[in-house]
Structure formats: structure tokens, C-alpha cells
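These are the structures, in C-alpha cells.
Presented sequentially are two complexes of subunit A, the first with subunit B as partner and the second with subunit C.
Coming up: the complex of A and B.
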């Protein structure tokens, strides 16, 4: 069919669509320009090599599974996943199906951009040409089985979307069913666009319903299937509308629909729905190996734009879930500030960096790294440079051991504050006959991580180089630390030329596995508290559990591993008050003790100390090394 | 004649009992320990005049003729019906809570190594050492240096004790003088935030400790203690005047533990709805003019049960409470 199908009502939609496409390109190009040279190199390297094939494949897979099906949200909560899937996938597939219907009909892949959206008006069944339709010259199709199936699919996908929308209304009033608390406060633009999204399917159903009603007798029975079955939504709804005498307003509904969807597109770049066009690029770059590390780059910008403000982080954050706490600093709020170039100091700093949010972020945003880069920005020029600050490193008087140790034990500053752990580790290392040295027994130098997480990465370099010198000087091949904070610091911030970094849980497991340490089974019921830095951040969940299963009866509380609770005593916190910290710790302790263990065991000096402070001697709290020594 | 029950046979309770019995009231004094005297009864010498603590206790005991004394009587709750009270089965028209304090549990400051390292003791143990004349390290040697740490469990947000325990500073000064007088060859280092030697004769004692006895005061905060191979202690402190970290070795480390509310304060509070402050000590009706009254008519407070106090303050407070009770009953 060569005739050009047009009606003025397509203008709002088309204008909106063009606007959103331009806006998307604007954001994409801006972000790509701000990529770090290293990141650009990575992308180019992948783009112009054969590796692009698997990258594209896994890109399509992830976009399909996460952006459309919302697999991760399904894992979080079935209803929540279902709601997201119904709307996102339903909408995508509805548009896609209408394109297919059009392409198969015209056999022309290039059609006006608005054509498939208004297909029910522009493409009418034979026999409906004389109907009330307002289009000047509708194209006509034979009601074949193919067409019938696609009308059915349209109705089916619309039902999916409408069900999703209905679920979102239920969610508003019963957030608990969706595993949420519903406490998130959205800004006015976000509220507006949710409203538009909610609204635009209603005029569509009115418009489509009127069109189908106006097809009149052209809606024939196909293969014995009546239109009330294959067009179960549009035909039946159309009958209702016709009965109410609304069918003659068909073009009015198309106008309203076009306005709604156009407004949706215009509003989109200013709202959280900007994540829809940014996410595909963000996922592609990540597939090319880009991530937010130590610097805030164009990629970070894309990450921030990709935050859909779904609020899952809000409900995971203990600064929200702890009874009596009501602190609005969660990624949903923090990233919003970053996006608007108005980061809020409180929101950026008041965080324990426990990464409970990051573990369930459906978009996989590098939340903590972004937060740290923002902290760095705040710290710029804020503090007077104290050039003599690290003079003590020169006269620390470190004495070399002559490079003959197999293992260096770095207790860590925080372990110096829980000397029981240090003592137990020394006893265990002696028992296992390890040739080791204490690297920080007398002249300890901080690993640097507290400075890094508080936004002073540059300052930390002096400490890092001093420790690196000492570690290399020891001659050891394994570095054991009792502090998970140090563990991550050594792994991520240091270049140790092949010295293996182990947390003491991992090293003790190795000693037990190699038969150098014997563990006696006691009848004690123990609970293991996963330290954030060891588990979520360090990735070690099993070593302590293996050891504890050998030494006692391990019982698991509700919140373990990825769901492990933060004790509240994080070094990354500079804004939380002591009473807030105690509230977090108290709540965590109660949840850990729900199954009444004899002993609460942890593997981080900070957790041990923080939980002890609120324990009121309700339970014995020990480091795993102390327990194994007993 | 009215019945008054006093909970706590420390100096505050005894002082109050002495006054009330002289005013003609029927007084029952309940003490959870096997003998009267409370903490003071166990101590050796007390400031500012470095007299024997037992002398004070004996003097207060002398006033207790006619007082019904019940020892080994741990009071966990008070019953109230109308204007009458019942404490461990004894009925009373008025109750005086003089439940005192508990020393801070030094194991909560694990970084100082109490209970982990051999030569870390609390001020209570130091007192005992001085009393028995055996200031010794674990392996039986007289220490060549002793570190005294102020504010252990006091003025410390980290352990949820924001308040000052008031007596520790002067106790450090007194202990330093005693050590120097008995063991002139031993160096004494005191690690303080501020020196709060506020009472009559305290400042003079502070001067004496430095000018005559050579006790060293270092304005600093102890960060952590480490045990050396020879069981001496390496202290990491921040010199808060220089703003620099420093290290110092001592043979014996003494933690001057602060005061915490009595273990029974919580259950007493809940039994009849008394009030406590943010510091968990009992809250008086008015900080200025009704400092012995509780929120419940007929229940009074005296001594360290309403916050850390020195001996003289506790005795004075006990007598003030007695005067309030006498007015209430007549």
C-alpha cells in the first residue's frame, strides 16, 4: 500500500518520541565523552575484535532477563518481580507484536515511526472502511488467522500491562505483599511520570475499544472463533463503550492517548524513567569490562541515570529498618542528588558502606564506589594540608626480620583493640608451627582503608607504600590479617607482587585442611555473624562456616551471607551518632540471637566490639580464633 | 513513729540511718553484702587526707544504735499500696534508695587488655595491692613503672557513659602519691583527658603529687595496650597537647574504672515506676531544690544512686535525704 497514512493526532506522540530520542543521545554522548581514557580503550578494544560477539550475546541476554523480565526482582519478591515484568515486558512485547503485524502486512520495514502505535486506527479490516473512523484513508486487511492471532496477542499483552498496573495500585496500599515498606518518598516529577504511565494505557484501551467497535461487522468470526474471544479485551470493552455511545469519540481518545504518551516521553529525561534508555548502554559498557572504581567517570554518570529509584535499597538499609530509625540517606536518595549535581553531604557520608543495598540492587550499580567518589569531592579543599602528618612513619623504627618469614600476620588497628583475637591468633599460629612474624605488633601502620572509605584515597597512599615496603621485606608469601577491612584493602588497594592475602578465617581453614591444626568438636550452639567486609565485600562466606561446623553446632539465623546484618560499627561512618550506632547494633544483635545460640561468633574486630557494647552480657561474643583456640 | 526502710548500707545509707534514728524513726537498713560499709568498707586509704576508709565506716556505724540492720538482703523491688511500701517483706512509710554504684566492667574496653594481659589491673585491684602492701606484677616483681589511666568507662561515648565519674581523677592523684611514697623507685605516669580535682583539698593534693612526689601527668588518650614478650605493656597513646601519637612502656597498667548504676537500679525502677536519666542513674525530682526526692512521694534517694559522688558528698547527701524524709513523715 503506497498511500501515506497520517492523522494530526500523531503529532504529540511523534514530537515526544523525537524529543526523548534526542535527549537519550545527548545523555549517551555526554557520558561516553566523559569516559576515562582507560575505559574508552577497553570499549574500543572489545568493539573492534571478535570478543564483541560473546559480549553482544550476553548483553542481549542481560537486557532481556533484567531490563525486561526483571529476574533479580523476582528473586527478591515474586509479586514485585511480576509487577515489573508485566509492565516492562508486556509493554515491550506489545509494541513489538504490533510492529510484526505491520511489517507482515506492508512487507516494508520502514514505516512512519508512529504507525504501529496507532495501528488499530490506520489498519482496519475489510468492510470497516465506511465506519466512523476519522483517519482519511485507512488501510484495509483481510481478517486472516494471522491477523486474528495478532489482535489476540495485542489484547493479551495489554492485559499483562493492565494487570501490572493493577498490581502497582495494590502495592501502593499493601507494600508488605511486595516485600517492601512503602516508605520511599519520590520527588514530584517522579510522581507525575508514574501518573502518566498509569494513565496512558487507559485512553489507549478506550481508543482501541472504540476502533474495534467501529469496525462493526468487519470483525468477523475466523476459523470458528468469534471476535469476543480473539479480541477478548478490545472487542468486549468496545461493546461496552459503544453501548455507552462513546464510539463516535474514537479520534478524541486517540488524541488523548497521543498526548499522554507524548507527555510521558517529554517528562522522561527529567525523571527516574530515564533509566529505561540509559540502562542498555550501561549494561553494554559493563559487558565491555567497565565499572566505577576509584574515579567518577562518564560510566558512573550512566550508572546514576540508570537508577530506577525502585526503593529496594531503601528497604534493605538498616538505617531505615532499625526500629526508631528514620534516616533518608539510602542510594535512592543519594544517587538522586548526584544525578542532579546537588549531592547532599549528609546523604553521602551517613552510610556504613555495608553494601546490603548493593547486594540486591536490580541494576547492579556500583553504589559504594560512587559514594566514595562523592565523599572525595566533598573533602576536596575542605581540610588544611598537614604536611607533617605522616612524619611518624619515618621514625616508626620498623625493624626488618631479615626476610625469612613464610607468613606475615597483620593484626590490624582494630584487632589491636580486641587483643583477645590477636592473642588467640598468635597461639594458633604457634600451634600450627607456622614460621611467621607479626608485622604490626609494635609499629603498626594503618592499612589505609579508613581514609579511603571516608574519601581520602590520596592521603592513604603514604600508609599503603609503607606497608607494602614492610610486607615485601618480610619475604613472606602469605599475608594473614584478622581484620576484614584490612583484608579488602590489601586485595584491592595494594600491589603486593604475588603475596597471597588471606583473612584469618581462610588461613585457619587452610591450616585445618592441611592437618596442621586440630579442631575439637564441642557441643556449643554457635551463630556466625557475617561481617560485611568479609562477606558481601570480601566474598568469603564459607571458610568460617566450615571451621565452625567442625568445632561446634552451627545454627543459622535468618539474615545470613548476602543478607547479613551490619553491626553498625563501620569505619565508613562519620555521621552516624553513637546512639544511632547502638540502635543498629542492638537490632542486629536481637535478630542474630533469635535462635538462642550459646555463643555469637564473628570474624571482625569491629563487629565483635560493637556487638559486645550492646550485649549486656546476654550472650558470649567471640572471634572465631578465640573459639577455635578454646 | 514511722517506719523507714533504707536500701543500701554504704556510707550514704548509713549516714541517713544515723540521722533518722536520732529523729525517732523506726529504721531498717538493708545491705546486700554480709557487712555494712559498701564500697568504702572495702577500700584502703581515701583522699583528700589519705585516711583509712575503715575509720569513716566505723564512725558512721557508731550512730546506728537502734537501727534494724539486715545484711545479705538484696533488694530488687519495692511494692507500693496506698501510701505504704513493702521492701523484702518489711513495711515502710518511706523508702530511701541508697543503692550506690557498680564499678565499670573494664573488659568492655578490650583494647586496654583487662582480663587478657597479665599486668593490667583496675583501680580496685590497685587499692587491694596497696592495702596488702604487695604492689607486684604477675610474676611477683615490684613494677618499675606504673601507668594510671583516667576515665575508663567515664566520659566515653563508645561505652555509652557520657558522664564524668568525678572521683577517679583525685583517686589517681592519691594513688600516685601512695605508690611514690611506698615505692620511690617506681615511675608513675597518669594519662588524663582533664584533671578534675574539684573538692576541698584536692587541688593541693594534685600539686603535691607533682611537686613533692614526682608523679608524671600526660595529657593524652590511651588508644590501646599491647603486651610485650616480657609481659610488660606497650601503650599507644595520643598526646593530645602535641597532637601526635606516642608510645610508652609500663610494667603495670591500672585502669581507673568509673561508676555505673547499681545492678538493681533497673528492677527497682520498674517495680514502682521510678525514673532514670539518660545516664541510667535515678532521676531526682529537681536537680537543685529537690535533689533527694523521686517522682513517687515517699521514695527518696541518697548517694551515688543519683550519679557519681565522693565519700563526703554521699554522706552529706544521706543526711540531707534524712532531713527530707523527716519532714515528709511529720
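Coming up: the complex of A and C.
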């Protein structure tokens, strides 16, 4: 075909599409350039080897399951997932189906990019030659079974999208049905683009309806199926429009539609919908093994752009859900500031880093790591960097034990404030006959994690090297700690050369499994509170539960494991006021005690202390080691 | 026999005198403006009793706050960075002073 069918109304759409493609490449290339050399190496290594095959396979799988079907949102709430799936998958498959229809018709894969979008006008059934303002005349097709099926599919997918849109209107007024509170405040650009997305399918339906009406008798009965059945949406809607005398305005509707979709594309890079073009690249890089770790790189930039501001994190955050609290620091707001290059100090710092948001983020953004890198940036401007500040540790006079321990027990600073745990652990270790030593009984050094989560990773290095020296000096192969904060610190920040890091729940379970410790069953009803640092961040849910099932009757409250509540005492926060912390703790305690247990058990000294402060002696709060010792 | 006070498990301060008319309280005022919880401090010393850094050096949060209130800012600046931010102090504080944030605020204000 030498000459392409063209009509001036395709210009706004085409211009918008070209703009969004250029913008996408701009953001992609900018992000890829900012990748860390290490990350670039990882990507290249994977790209030019056979490993690329499974990576591509899992990439396609994840893009299909998450970006189109929205599987993770389905897990959150069926209606919410359905809404997202209908719009995203419906739209994608509708465009795809129109492409197939065109390709099969022309047998030419290279067609103008505007063609499939306006296919109903450009590709007309034989007998409906007259189209308005089009040069040359539209292409014609025989009304075959194939064409019928594709017209049906178009109507079917359009119905999906419109149902999704209808659901989104319901969601606006009844967010509860979708498992949301609906309290998210979007900025003006986001509101605009939602309106455009809402609007653009309406003129499309008008335009398609008018086209189909104007086909007139060319819409023939195929295989005994009448057009009112196979084109159940466009034909019947066209009849309504024709009845109203609107069919002669067909080109006007095409113009409006083209403008809407063009405006949508132009607005897209400035709004949350930028997640649509960045997510595929983000998922690909993640499949290559890249993630946001200790530095803010081009990958983090992609993660920030991939945040769709869906608001799921907002409804999970205890700073929002705790009655009477209205602190707007959720990732949805924090990442928006990072994206616009003007992060807000309060939003970055006022957070417990409990990772409740991260556990349900449908895009799997490394929210906490991004937050920590942002904290580091703020601290760089606020504080004079002083990496020598802990040089006094060199003179601390640590005395070696001779390196003959099998197990080294690091209670942790927080455990020193709940000495019951420390005593119980010592008693249990003695009972089990373990050859162990207390690493921090005196002259203890902090593990460094509180500094790291508050954005002082450089300054924490001295603490890390001092503790590493002491741990290696002990000669032990297992490091047991009672504080989940230390547990994560040792696992993630330390290089311990094969010393196994265990939380005391894991170690006690090991002792019980090996028969070194006996646990007596008591009839007490206990509830286990998942500490954030042990559960979501450390990934240990089962060890404490196994122990408690052996020692008592474990009842599970509503919020367990990934949904576990934060006690509010987190060391990652310095900005929350005392009363706000107590409000979070009080709410968490009430929800934990809903099933009236005899004892509330936790495995984190910080949680224990924080919950004790608000418990008013309503319930006994114990560390798991104290309970087992009883 | 002379008594060597440096072997005692607690410090003994030199005699000193504070002239509140001349003391530079700008730092204390700035810190309290940024984190008002410091005003709640009653100087009980629970924070200092368990302090991780305090066990290794002569760093003492309670003393830090006293020095701050008395305008002895140089001494504050000299010692404030000994803190490891571990948070033991905040668990013990009976008055709800956000000690970790106060320490950071002092550092921040000193920088300006």
C-alpha cells in the first residue's frame, strides 16, 4: 500500500504518543545512566549470557501477572484487583486485538501508529464507503466470521474497561468495599489525569457507536448472528445515538477522543501514571538482580517513578490507621517528594520503618531503603560528617576470652533495658549446657543499626568493625542475639566470615529440636506479637510459633505475620512525639488483646518495653525466653 | 592515704560557678524550640545510668543537658558525638523526653 489512510483528527493522538515515547526514553536512559557501575555490570552479565532466557521468561510472566492482571492487588481485595485488572488488562488487550485485526487484514506489520486506535473509522465494511474528511477513502473489508469475532472482542474488552471505570466511580464513594479508607490526597496533576482516563473512553464509545450506525446496512448478519448481538455494545449504542440524531457528529467525537487521549499522553510523564512505562524496565532490572541497597541509584529512580500512588500503603500505615492519628508520611507522599526532587524532611524522617507498607506494595518498591538513602542525604546537609567520632572504642579495653566459646550471646542494648530476657536466656543456655559467652555483659557496643536507619551509615562503620573484631575473637560459630534490631544488623551490615547469626527464638528452637532443652506444655493461652524487625524485615515467623505451640496454647490475633503490628517504639524514628508513639502502641495492644489471651508474648525487648508502658497491667507481657523458662 | 577518685565508679566534678547573666543560652533556646520535650527533663539521670557510650567514655546525657542549660556549649560540642544513638536512654526516661532527637538537634544546631 503506497498511501496511508489519513484524517486530520489523528494528529493530537499521534503527537501525544510521540511525546510520551520520547519522554519514556528520556527517563529510561537517564535512570540507566545513573546506575551504579556494579549494577550495570550485573545487567550486562545477564544480558549477554544464556541466563537471559529464564530472566526474560520470568520478566514476561511478572509483567503479565502484576502489571496487567494485578495479582497482588487481587490478594489485597477482590474488588480492588478486579477494578485494576479490568482497566489495565482490558485496555491492553483491546489495543492488542485491534492490532491483530489490522495485521490480519493488511498482512503488513508496519502500519501508522494511529491506525489501530481509529480502526473503526478507517476500516469499514463493504457498502459503507462514505467517511467524513478522510483521504483517501477508507479501507474496506468483507464482513467475515473473523471480522465479526474481532468486532465482538472489541466490544467485549470495551465493556471490561467501562465496568472497571464504573467500579472506580463506586470506589470513590464507597472505598470501604475495596478495602480502602479513601483518605489519600492526590495532587492536581494526578487528579487531572484520572479525569482524562475517565473521559477518554466515553468519546470513544460515542465515536465508535456513530461509525457503526453510519455503516448502515453494511453491518450485515453473519452466520445468522445479527449485529445487535456480535456488536452488542457499539451497534446498540450507535442505534441510540442515531435515534438522538447525533450520528452526523461522528468526526467531532473522533476529534474529542483524539484530544483526550493525546492530552492523557502529554500529561502522563508528569503524573503517577508514569509507572506504566517505567514498570517494565524496573521489573526487568530487578530480574537481573538489581535492587536498592545502600545507595540511591538510577534503579531507585526507576522505583520511585514506578510508584503508582495506589494508596495501599496509606491504608496499611499505622500512623494513619491508629485512631486519632493523621500523619501524612506514607510512601505514597514520601516517594512523590523524592520524585519531584524536593523530599520533605518530616515525611522522610517521621516513620517507624516497620515495613508494613513494603509487605503489601503491589510494585514491590524497596521503600525503606529509599527512605534511608533520603535520610542520609538530609543528614549530609545537616550534620558535619564525623567518622572518627567513635575512635574512643580503640581504648575501650576489651578483654578477650581466649576464643574458646561455641556460642556467643549478644543481648543487645535494648535487652539490657529488659534484663528479664537476658537472665532467662542465660538460664536457658546454661540448662542446655551450651558453652557460651556473653559478649556485651559489660562495655557493650551498639550494633550500629540505630545509626544506620537514622541515616548515619558511614559513622556506624566504626561500631561495626569493633563488634566484628569482638565476635571473631570469641571463636564462636554461632552468634545469638535477643534483639531483632541487632539480628538484622549482623545479618545485613556485618561481614562475619561464616559465623551464623541467629535470633534467640531460632536458637531456642534449634535447642528444643536437638533435645537439649525440654519444653513443658502449660495450658496458658498466649498471643504472639510479631516484632517488625524479626518478622517482616528478618523473615522469621515460624520459629517462635513452633516454640509457643509446644509450650502453650497459641491463639492468633487478626494481624499476624506480614500484617503484624508495629509497637511504635521503633528506633528508626526520632521525630514521632511521645504521645504519638503511645497512641500507636495502645492501638496495637488493643488489637493484639482482642481474643483475650492470658499472656502476650513477643521476641523483641523494644516491643516488650513499649507495650508494657501502655498496658496498665491489663495483661502480662513476656519475652518468649522468659515464658519458656517458666 | 590519698583517695584516687578516678577509680570510683562515678565522676566527681570540679567546683564550678555559673553566671546566668553571661551564659550563652542561645543553643539551649534553639534546641528547645526545635524539640520542646527537652523542657520535660527533670534531671533524674536514668538515661545516663544505662548509657552505652557512657560506660565507655565520660559521656553523660544528663550532664549534657545541664551543660546546655548553663551555656557551656563548647563542652557539649566536644562530647555530644560520643553518643551511639542506641536508644537505651529513651526506654528509661520517665518523662518522655525524646532523647535521641534532642541529641540530633543539638548536633544540628551546633553546626549552624
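Keep in mind that, in the parts below, the second predicted complex is superposed on the first by the 611 of 630 C-alpha atoms of A that agree within 3 Å, B and C clash if a C-alpha of one lies under 4 Å from a C-alpha of the other, contacts with A are read in each partner's own complex, and residues count from 1 in each chain.
Here, a contact is a pair of C-beta atoms (placed from the backbone, for glycine too) under 8 Å apart; a residue touches a chain by one contact, two chains touch by 3 or more.
Because the structure is a prediction, the values reported are computed rather than measured.
Engineer: So if we stack both complexes on subunit A, do subunit B and subunit C clash, or do they fit?
Structural biologist: Here subunit B and subunit C cannot both sit on subunit A without a clash.
Engineer: If we overlay the two complexes on their shared chain A, which of subunit B and subunit C does A:416 touch? Say first, second, both or neither.
Structural biologist: Both partners, subunit B and subunit C.
Engineer: By the touch definition at the top of the document, which applies to A:384: first (subunit B), second (subunit C), both, or neither?
Structural biologist: Only subunit C; A:384 stays clear of subunit B.
Engineer: Could you say whether A:33 touches subunit B, subunit C, both of them, or neither, answering first, second, both or neither?
Structural biologist: neither
Engineer: Which holds for A:445: it touches subunit B only (first), subunit C only (second), both, or neither?
Structural biologist: second
Engineer: Which of the two partners, first being subunit B and second being subunit C, lies in contact with A:578: first, second, both, or neither?
Structural biologist: both
Engineer: For A:520, select first, second, both or neither according to whether it touches subunit B, subunit C, the two together, or no partner.
Structural biologist: neither
Engineer: Which of the two partners, first being subunit B and second being subunit C, lies in contact with A:463: first, second, both, or neither?
Structural biologist: Second partner only, subunit C.
Engineer: Of subunit B and subunit C, which one touches more of subunit A's residues?
Structural biologist: Of subunit B and subunit C, C contacts more residues of subunit A.
Engineer: A:392 contacts which: subunit B (first), subunit C (second), both, neither?
Structural biologist: It touches subunit B and subunit C both.
Engineer: Applying the document's definition of touch, where does A:341 land relative to subunit B and subunit C: first, second, both, or neither?
Structural biologist: After superposition on chain A, A:341 lies in contact with neither partner.
Engineer: Considering only the listed stretches 25-33, 205-213, 241-249 or 295-303 of subunit B, which one runs into subunit C in the superposition?
Structural biologist: 241-249
Engineer: Using the superposition described at the top, list the residues of subunit A that contact subunit B and also contact subunit C.
Structural biologist: On subunit A, the residues that contact subunit B in one structure and subunit C in the other are 392, 416-417, 442, 578, 609.
Engineer: For the complex, give me every residue of subunit B touching subunit A.
Structural biologist: The touching residues are 108, 110-111, 113, 116-117, 157-160, 223-227, 234, 236, 244-245, 247.
Engineer: Quick check: in the complex, which residue numbers of subunit A touch subunit B?
Structural biologist: 392, 416-420, 423, 441-442, 578, 582, 609, 612-613
Engineer: Hey, which residues of subunit A end up touching subunit C in the complex?
Structural biologist: On the subunit A side, the touching residues are 382-384, 386, 389-390, 392-393, 396, 413-414, 416-417, 442-446, 448, 450-451, 454, 456, 463, 569, 571, 574-575, 577-579, 606, 609.
Engineer: Looking at the complex, which residues from subunit C come into contact with subunit A?
Structural biologist: Per the touch definition, subunit C meets subunit A at residues 37, 50, 52, 55-57, 81-82, 84-88, 91-92, 96, 98, 100-101, 104, 107-108, 111.
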